[in-house]
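Input: structures, listed below.
Each of the next two complexes has chain A plus one other chain: chain B in the first, chain C in the second.
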Partner chain A sequence: MSALAEIQPYVEAFKARPNAAEPAWLKQRRESAMQRFAELGFPTRKQEAWRFTDLQPLQRAAFPPPSSVSRVAAADVAPWLYGAAAHRIVLVDGVFAPELSAIGALPKGVWLAATAETLRTRPELLDAVLRETDALGAQPFIALNAALFADGFVLALEPSVVLGGTVEIVHLGRAAKRSSQLRNLIALAAGSRATLIETYVGEGDYWTNAVGVIAVGAGAALRHVRLQNESATAIHLGHQRVELDRDARYENFTLSLGGRLARTDIHLKFDGEGAACGLFGATLLRGEQEGTIATVVDHAAPRCVTREYYKSVAADRAHGVFLGTIGVRPHAQKTDANQLSKNLLLGARAAIDAKPELEILADDVKCSHGATVGDLDETALFYLESRGIPAAEARRMLVEAFAAEVIERIEDDAAMRAHLGHHVARWLAGGVA
Partner chain B sequence: MTDTAAAHNLAPLREGYKYGFVSDIESESAPPGLNDDTIRFISAKKQEPQWLLDWRLQAFHQWQKMDSPHWAKLRIAPIDYQAATYYSAPKRQNTPKSLDEVDPELLKTYEKLGIPLNERAALAGVAVDAVFDSVSVATTFKKTLGELGIIFCSFGEAVREHPDLVRKYLGSVVPQGDNFFAALNSAVFSDGSFAYIPAGVRCPMELSTYFRINAAKSGQFERTLLVADKGAYVSYLEGCTAPQRDENQLHAAVVELVALEGAEIKYSTVQNWYPGDAEGKGGIYNFVTKRGACRGARAKISWTQVETGSAITWKYPSCILEGDDSVGEFYSVAITNNFQQADTGTKMIHLGRNTRSTIISKGISAGKGQNTYRGLVRIQPKAANARNYTQCDSLLIGDKCGAHTVPYIAARNPTARVEHEATTSKISDEQMFYCQQRGLSKEDALSLIVNGFCKEVLKELPMEFAVEAQKLLAVSLEGSVG
Partner chain C sequence: MLEIKNLHARISEGREILKGVDLTVKPGEVHAIMGPNGSGKSTLAGVLSGKPGYEVTEGQVLFQGRDLLAMAADERARDGVFLAFQYPVEIPGVNNMYFLRAALNAVRKQRGESDMDAGQFLKAVRAKLKLLEIGEDLLQRGVNVGFSGGEKKRNEIFQMAMLEPKLAILDETDSGLDIDALQMVSRGINALRGPKRAIVMITHYQRLLNYVVPDRVHVLSGGRIAKSGGKELALELEQTGYGAYGDAA
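Let's turn to the complex of A and B:
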């Protein structure tokens, strides 16, 4: 498809959008975002951030937003649910499905609702989210999302509110050759706390284009788990933009299992002193899957701490990519940043690309990164086999242990660890070549 | 004053640039500008055969279609390639038959540089093919080497005397259109060195060349080609100094190494071109393409570099590990002070089975210097059991400088093992305090710590260079503390 032909279906989908009762400012922002997407076009491999990403699955066909809502029974969602969730929002093809959701009773000072609903009742909460699209002008898929998004979720906590129960968001993709354009917001005011798990699942060849804007206020803490378990033929692009205020804590754990083409981007900026982030994750790939983790951590304030640890496994003909940048600005003294990418290459035709990058402009810092690529440890395999464990089972055990090591970084939440471990085991039941 | 605070106080280089002098020799230069005629002029001047002229023109036509690379973390003022002079040679009436006939002005220059060009050379055990601006003036030790069948001469001479060897290997590692600067070099290269070590011969001395830019506005386009035949061994030293100047001078060299089965090439560089003054004015632009190919089983190529000079360094000495069990090594120290910028690193391309590579890179940034390690380790599908180990450490002195690490790892074989580690830190106050309370001055303490930081690389240098390199580190960092 030519560059123009790639864009055309989305331009038309934008024109054909039902004339929703949206405020004028939002319509205008959508217009300018669409214009920007049309200008930028799809990214190419000549752009550094996309050089390892094969966008062909996205370019071979068009994925406009769905024109009708898929019917989904509660039983279809049940296998994916997190048992320990206290509040739940389910979105189907990018649109809130109230009949499947269970928001439950929310403590005072907590707002949890769909994005469209929030636009109607609390538009001020979304102002910042939509303004962000301008700041991220160079990202075509964010621009497209800003133009076309229909729904998503919003979690907003007022100062010092502690939300005890885990919030669960389930995104279900069903409509073939359609896209879910999700716009999500998490805003934690000073001193508040929350835990959230986002699950992406579905059936068929759809495209999920999710943009999350996350702001963690002074002294607030957010644990954000993402379970990307899309269908094996789906495309998943998940972009998180995170800003941390003074002494804030943010922990992101991404378990990536599904998708033909899956990419998770995290852009995190330290805006205040003394904040800390932990970015962890495991990506398991087989068949012809391509999975990318791309993180950019911007130390724009002094005394912040980054702990980054990602693991990936590529079997068969799969392609795993890790792109990690840690930048330290001139005045961000006493930065303590550490990044590690460990990769298992299991298939003779599998591939791993890693690019851990440090960009340091302050001197009183401690920064390090490491990256490894290799096969399973032969000694460990031999040990297990010598104990009578068949080779295939031994490999499965070692891969499971490889992933478990990073899941263990989720401290003080056994239910969450078990939930993620269960999904890893499910994936492994498919066999490791 | 604490050491951190002290580091803010940046004094200009006190010793200044030791080798900053300009010798006055009438140049016979091509008119400024670059077109087909310039290339014909250079080729005619050098009395080259038709095939080489065609090769140059082919390169030039490729270059015309290329853009200068912009992916490096470098700020480069636009270069007007039409304003530069592409050929300048010391005027010669007759080819000198002995040192006595060589322009005394030229000899004095060498003396100032301390090049052991006469009998002292024998004592130092160094064979020097001194390149002055563009034309080789004298070559020593030819006889000793000749007896072993080793060819070591200027590139121009090699074209005349050994055209088959040159034709066979020229451009075989770095093709004409490899990159913008390599294409430019291929079109206009002036002279350089050529060495061929026959099968089974161990070169008995370190081969050495001194490069030197002299005439104003004349870019220097060196071309070096080293071939080590089966089972041969050679250690090659390259050192650079350049006169102090205000205009930026362009230097785009190409070095090609070929190691056949069981051969080993050790290539060491101390690069100390004029870095510009403390305000960032002047200095050499050093855009170099260096690459070696291990063409046979068990071949080995080892690059060691100490980069302290140049306003801008753009340089990635690389190894293509084609032969099974071949080995590639890269040891580097890069220092940027004042306004210097360096974007340097290596590429290790693993093609053969059981190939191994090691990368040790030490970057030191002071003043407003920007230092980037950029590297690629690529394991191709057939490189079973390939191994790579990479370690990149950066040291920051002062809070106005930058240290960046950009490694690329591409693994395509499951039996391969690739490890990369990088750290960035500053010299700790504790280290400085410890040294100072033992009576060392601040500068000596710094020099001691920096030398320790670079030890893994410096120990790879041949003895002649190791001493010079340690002094260079100290000089390069002068004024960055205290």
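Let's turn to the complex of A and C:
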């Protein structure tokens, strides 16, 4: 498809949008976002951030937002649910599904609702999220999302509120050749705490384009787990923009298992002193899967800590990419950052590109990074086989152990570790050649 | 049980290490293999257990009348061949108990036995642990992870006790053991002895042979069995060394 033909279906979908009862300011922002998308077009491999990502599956067809809502039975969602969740929102094809959700009783000072609902009743909460469509330079998919989003979820905590139970958000994609344009917001005011898991699942060849805007206030703490388990033919782009205030804590764990083409972006900025982030994850790829993890951490304040650890496994003809940038601004002294990417190749035709990058402009910092790409340990494999464990099973055990080692980083939450471990095992049951 | 005939083997794309090994082990027998460092004892154990990296260039190995060399490593193990490693491997992230249960169930399946349930399994584990005085906490770790040298060796014999192989090949299981551990390990080996099983022990020390008395003792040197004899051969070697049998390779 030509560059123009690629964007045309989205321009038309935008024009054809039903005239929703939205405030004028929002309509105007959508207009300018759409214009921005039309100007930018799809990213090309000439752009550094997209150099390793093959966007073909997204360019070969058009994925406008759905015109009708798929009907989904509770039983279709059940296998994907997190048993230990206390509050649940389910979205189908990018739209809140109240009959599948169970928000439950929320403590005082907690707002948990769909984005559309929040726009109607608490628009002030969304002001920050929708203010800038793409403050981070040329981000066409964020612009497109800003123009077309219909729904998503909002979790907002007032100062010092501690939300004990885990919040679960399930995004279900069902409509073929359609996109879910999700706009999600997590805002934790000073001193508040929450744990949230987002699960992406579905059936068929749809496109999920999710943009999350996350603000963690002074001394607040968020554990944010993302389980990307999209259908094998789906496309997933998940972009997180995170801002951390003074002494904030943010932990992101991304388990990426599904999707024909899947990319997770995290842009994190330290806005106040003494904050810390932990960015962890495991990506398992097989068949023709393309999987990218791209992180940009901006140390714009002194004395902040980054711990980054990503692992990926590629079998068959799969292709994994890790792009990790840590930037330290001149005044961000006493920055303590380390980044590690460990990768496992399971087939001669599988490939992994790992590009760690440090840009350090301050002099009193502790920064390190590393990346490895290797094969399964032959000695360990033989040890298992020499005890009678069939070769395929032995391989499976070693891959499982490889992933488990990073899941262990989720401290003090055995239920969450078990949940993710279960999904890794489920993926592995499909066999690793 | 085991018939090795004129076995020649080399390191893949490397030099020949085994140059015509002949050895027959009958059910119920315990054989000791001794020999200088680098003479090919571990290579022989590796070839018998299916370790990758070796190439058999000549000869034949029959295990219970079957062509052992045609079988994959995991298949040999399920058929009853067990190798106690000279250097047991650490496998972080693979829980010991989980590993052991997977191994035991794979072996049991081959023997036509049903999977052990969690209760039966734990009972069996506890009994064997006691025999080898291994702490139960060790089993909660990754396979061999953080085990001391002696603990690793005891863990090998523990696994052997659980899997009840027909042919056990023990590669220097006695090296690096303290006096008490040597006795425990010997007890473990003797417990496995029986009319239907065979044991091949590779060792450098006569001491083990006081506890586990062998039927035959062999000297592997120059890539061949250079001498065979009864248990008194080990004592003799203790006196004379390997000088009389030529250089290692």
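Convention: the second predicted complex is superposed on the first by the 430 of 433 C-alpha atoms of A that agree within 3 Å, B and C clash if a C-alpha of one lies under 4 Å from a C-alpha of the other, contacts with A are read in each partner's own complex, and residues count from 1 in each chain.
What we mean here is this: a residue touches a chain if its C-beta (ideal position, glycine included) is under 8 Å from a C-beta of that chain, and two chains touch if they have at least 3 such contacts.
All values reported here derive from a predicted model rather than from experimental measurement.
> With the two complexes overlaid on their shared chain, look at chain A and say whether chain B and chain C clash or fit.
fit
> With both complexes superposed on chain A, which partner does A:A354 reach: first (chain B), second (chain C), both or neither?
A:A354 contacts chain B only, not chain C.
> Between chain B (first) and chain C (second), which, if any, makes contact with A:E99: first, second, both or neither?
In the superposition, A:E99 touches no partner, neither chain B nor chain C.
> Can A:Y383 be said to touch chain B (first), chain C (second), both, or neither?
Second partner only, chain C.
> Tell me which partner touches more residues of chain A in the superposed arrangement, chain B or chain C.
In the superposed model, B touches more residues of chain A.
> If you stack the two complexes on chain A, which partner ends up touching A:E405: first (chain B), second (chain C), both, or neither?
In the superposition, A:E405 touches chain C alone.
> Just to be sure I read the superposition right, which of the two partners does A:M397 touch: chain B = first, chain C = second, or both, or neither?
second
> For A:S368, decide between first (touching chain B), second (touching chain C), both and neither.
In the superposed model, A:S368 contacts chain B only, not chain C.
> Compute the least Cα distance separating chain B from chain C in the superposition and give it as a whole number of Å.
Superposition on chain A places chain B and chain C at a least C-alpha distance of 13 Å.
> Hey, what residues of chain A end up touching chain B and chain C alike?
none
> Quick check: in the complex, which residue numbers of chain B touch chain A?
4, 7, 71, 379, 381, 394, 396-426
> Show me the residue ranges of chain A that touch chain B in the complex, using the header's touch definition.
These residues of chain A touch chain B: 48, 330, 333, 343, 345-375.
> Please give the residue numbers of chain A that touch chain C in the complex, ascending.
377-380, 382-391, 393-394, 397-398, 400-402, 404-405
> Mind pulling up the chain C residues that touch chain A in the complex?
It comes out as residues 49-52, 72-74, 77-78, 82-83, 85, 88-89, 91-94, 99, 102-103, 106-107, 110, 142-143, 159, 163.
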